[in-house]
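In what follows, chain A forms one complex with chain B and a second complex with chain C.
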Partner chain A sequence: MPGSLEQIAQLAVNGLVAGTVLAVPAIGFTAIYAVLRFPNFSVASHATIGAFAGYVVNTAWHWPAWAAVAAAFVVAGAAGVVNDRLVLRPLRPAGALTTAIGAVALTIVLENVVRFVFGNDLRGYDLPIRRDWQWGPLRIGPQQVENLVIAVVAMLAVFVFLAFTRTGKAMRAVADDTTLASLKGIDAERVARLTNFGGMGLAGVGGMLLGLDTSIDPLTGFRVILSVFAAAVVGGLGSIPGAVVGALTIGMAEELSLVSLAPAYRTAVGFVAILLVLTLRPRGLLGERAY
Partner chain B sequence: MENYLVAMATFACLYALLALGLNLVWGLAGMINLGLVGFFAVGAYVSALATKRGGVPIALGIVAALAVAAVAGAVMALITARLRGDYLAIITLGFSEVVRLVASNEIWLTNGTDGISGIPGPWRGRVSPVAFNVIFLVLAALLVTVVLGVLERVRHSPYGRVLRAIRDDDQVAGVAGKHVLRFKVEAFALSAGVLGVAGALWGHYTSFIAPEVFVPLITIYVVLALTAGGTGNNWGAVLGAFLVVFFMEATRFATGWLPGLGPVQIAALRESLIGLSLLVILRVRPAGLLPERLPRVEPPPAGEAAR
Partner chain C sequence: MSFDAAISRRTVLGGAAVLAAAGLVAPRAGAQPAAIRLGTLTPLTGAGGSYGPSMRKAMEWVAQEINAAGGVLGHPIRLVSEDDQTNPEAAVRAARKLIDVDKVAAIMGTWASAVTTAVAPLCWESKTFLTTVSGSDTITQLPHQGYLIRTQPNTHLQIGKLAEFLLALKVKRVFTLAAQTPFAVPSHKRLEEILPRGGTEVAGIVVYDKDKTTFRSEIDQALRSKPDMIYLNGYTPDCTVLMKELFKAGYTGGKVAQGYAVNAKLLGSLPREVTDGTYTATPSPAVESAGYKRLARALGTDDLDPYSCQCHDHISLVALAIAHANGEATGTAVRDHVRKISQGNGQKIDSAVEGLKLLGHGKAINYEGASGPCDFTDAGDILDCKIRFDQAQQGKFKFVKMI
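Showing the complex of A and B:
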């Protein structure tokens, strides 16, 4: 029943779930961009690190998925802070593009560290087998629902943090105007550290959530990176609500493209979306404001 | 052993072409291209398909590769011209992934992940394999010389000066009456054309191309080559390419001696060494071994300046 109403409804449900999950790493990428002003391509490898950290505690210590996600956040976030301090921060004075090149090199290194330890094999999480829920013609997996809930909780935490805590406000101030923020006595380096921790942590959660549905390998993060960029750029690079809107748009578009496109081209949808938005509305759907 | 050295020298020449192409757009005009492997792939596929399926001569296939890659580069530059450089970084990286996706999935055209084999090479089959290797090395070295000569001319010309002005501050260049968009598009197209030629040669040399050849790691090799040699310096680009190939081969022998490692681990170790060395160079010697030297501009005679 290609193109039938039921199929489109099913794809829309899948798109909603995929978009919500995609929003998590997209927020991470865009938040780091907002504060540090360079596209940190190493979200790809930090997503992979998170996915593998979650995998280890899930399969070796039998943590359930939701708890393993917390491990993914902490490990990827800590890796993000360390890598930024050792590798990327020293490059920042040389300019955003040099730092971006450094981030690509960092991605290659980290990806291969994971490959060195775990090999190239596909690995699956240890999850209880559950039956899909059927809702009329619609079908949704309990794991999809769990991923959706985890992603929404993570996003809510980000918004509460940015809106109500002192540190969150400091972060927004730095994103808005670094000089002005430092005049107000905000320690920009501390904010940068926190942003790296939170941003890369979210990338790690994203990597794990994407892996829960299928399987993981050292390229897990790199495979979704195009969709993550697309979500951030479509919503407006550096805007966190924009990343959410962008991710939902990209998630929906990728799934609905299945009506007329081969599944292999799902990720190309993101690229086309980037080109369209940059041509028609260069600042993204919501503009480039941090919050 | 001689055969091995000839093959490595040929690959070094191909990397030199890639590094020269990148130097034009990044070193001279200041536009980043993190998806240069995409243009490399486009060139390789165009020439391979034109010569193998279309039956055109190899020289014509290379010209076609140049043209198609240049058009792709021009389109990319047009779309991103008004945006900041970080968008160009994202888009070029995305472009190379989409190229790989198309190459993997349009099986009717590209034969998918199985790749295209039996790509013709100049005089392949009519001379001994050893002679073929030597002939190809001479051709590749000639091409490097030509491209190096042309790009050195560009660098010293008023045209190259405008590109450097755009790199340093495109608003100032615009205020000085330069058509910034035109220069950006032309530089990107020319650079992409050189990358495409390198891809075409790659296919004709190895006789086999597949999507798995065109991974982002190639982009890192080339960025490493240019950064190590000296961004903005064409001679540095060539030197860097030879050093990178030497370095990659050296790690092959060095990691071979490590006991107790599987092939996957050795491959991972070598790839991370490449990334690591780029990071070290960016940190320790960002200007490279042969830093850019700006061509000296003779000041106009005093009388002329007064007028």
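Showing the complex of A and C:
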């Protein structure tokens, strides 16, 4: 059946793009988990904040997409640092569960702040909508390719930062063992701030990438947070390459499931993947704290 | 650390107790003639968020008008407004609060069919009257014991007229892309019932999860059957994405959608080349009626959405029914009296204030509102409604015809 082979190839392409875009906020989520040791669900609202920051500079000041993505990173990152200092840091001594619930509360508050400022309407970026490229039987959109490139560049930047810079190494040291790192003279608070900035910045970029291909509203981040969480858990919470592998797994699995499943059940596939991975490999595909 | 936490927790609890006490005392101080408590439950946020605020405003305006004219037999109306978030779970919590805490006689304005389906059992079990603008057929089939009416034409009526419209366009193959809602499958079945009679083939349906951010694979599936008309049966956020992606995929055939999904806001957010040519079907309010014109002036627009018109009629009908029941402000009284003021041979009226005056003089009335004639079957469905068809041209809607 060549028809269904073509269908599978197209689904794989769609899954690859969906997975790559999902990987960006998943890296942010898992990096914050690695350093601060709690699942920061406010990644959802920071993705929305990033998407709206990009929207403002793109539509009001006519910045091109790549510059708007940079703005999304900076604004969401800065918001992440402030919100962590004001809301989540005071909760941290009470334990990871309390902080995680605080993060859920925070995300709902922030989402409503965005709603208060921008209203509930859908907004689209000021970008031309282009027809897809047809490549034999396969179809891929120019925007998808750009998203893919931006996502890959963001991921490479994170790897280079963590592997080769002093601060990146300090971050890894804190993630590995906070006490040992502080004995070595690493300022854990500074590392926490940086991680929040970078992590939430990536969430902001992810929110904007999702919106570039579709549209944005105050629920943009909230819609994907479960998939982001799923990607991080499947890959191994706290592992950055794991987040990438997890996001690609979830993206591919959700799309390829359409061969035999109705699209309405697609979301369940990601969560079946979580259950399977957690049952067979409780620490995720790549294990916790792998770099 | 824990000592500090305990102190602050105690302070917070103390403060909350004072606030709660103030809340309990306050109502006793002022209101002399007992207020009639009515609840609004509209989607202020979520997929229906662009309609809910205006629906609530319409009801607030009617309440103000009634109160300014002396209330319902001297009792002022007190509206309690909640947000259903276009989410059944949030709606149930809000409805519980309206029923148990605020003790409202009626809940008015639920929009999404899934929300109405979730809230309806709470209403009929607590004998609270429910008025809704949801269109799914299944809603009036619930065992609601009469505690529910809707002003929105049901799927059967609406899709019947849509099918009639498509047959007149002489399309050959129709494919449905539907969000996962209670009306997705009934709508499709109704199309399958009517379209083949006129020689139009129903090519298939894909039901999608509307919270996904991309629908590329769903669209591939639709395009494989080579339709010349795609029926987008979803809500605004997902239809925005679908229309963009249909354009990107190179689809050049026709598109038709419900007017609440493909609306002026959607046209404003997408380039013309993506939206042009799309037909929309909208249950039409009674645009020529005095009730419609008054409400439009009050809300400061000349283009009212049908839901605000229907909500205007919800509260008017409830207030008139309570007056007809000699001021008995209960869900059961509304149930037993609503058809006595909405249909029949009484004097035709189009405002609650006018109706209340006539009822005060012992006259029979027949309310015809801003949304239409408001005549109900025993099941709670409206008997008839006009559907208006428009087409997007140059980024604006052009009227095509009324069926």
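Here is the rule we use: the second predicted complex is superposed on the first by the 286 of 291 C-alpha atoms of A that agree within 3 Å, B and C clash if a C-alpha of one lies under 4 Å from a C-alpha of the other, contacts with A are read in each partner's own complex, and residues count from 1 in each chain.
Here is the rule we use: a residue touches a chain if its C-beta (ideal position, glycine included) is under 8 Å from a C-beta of that chain, and two chains touch if they have at least 3 such contacts.
Small disclaimer: the values here were computed from a predicted structure and weren't measured.
With chain A as the common reference, chain B cannot sit beside chain C without a clash.
In the superposition on chain A, contact of A:201 is made with neither chain B nor chain C. Judged by the touch definition given at the top, the superposed model places A:264 against both chain B and chain C. In the superposed pair of complexes, A:106 makes contact with chain B only, with no contact to chain C.
After overlaying the two complexes on the shared chain, residue contacts for A:120 are found with chain B and with chain C alike. In the superposition on chain A, A:50 makes contact with neither chain B nor chain C.
Touch criterion not met for A:77: it reaches neither chain B nor chain C.
Of the two partner chains, neither chain B nor chain C is touched by A:284.
Within chain A, the residues touching chain B in one complex and chain C in the other are 115, 120, 262, 264-265, 267.
Within the complex, the chain A residues that touch chain B are 33, 38-39, 41, 87, 90-91, 94, 96-98, 100-102, 104-109, 111-113, 115-116, 119-120, 222, 225-226, 229-230, 233, 237, 262, 264-265, 267-268, 270-271, 274-275, 278-279, 282.
Of all residues in chain A, those touching chain C in their complex are 7, 10-11, 14, 18, 93, 115, 120-124, 128-132, 134, 139, 141, 210, 213-215, 217-219, 223-224, 255, 258, 262-267. Of all residues in chain B, those touching chain A in their complex are 32, 34, 79-80, 82-83, 85-87, 89-91, 93-95, 97-98, 101-102, 104-105, 216-217, 219-220, 223-224, 227, 262, 264-265, 267-269, 271-272, 274-276, 278-279, 282-283, 286.
The touching residues of chain C, counted against chain A in their complex, run 1, 45-46, 49-50, 180, 206-209, 211-218, 220-221, 236-237, 240-241, 244, 247-250, 265-266, 269-271, 273-274.
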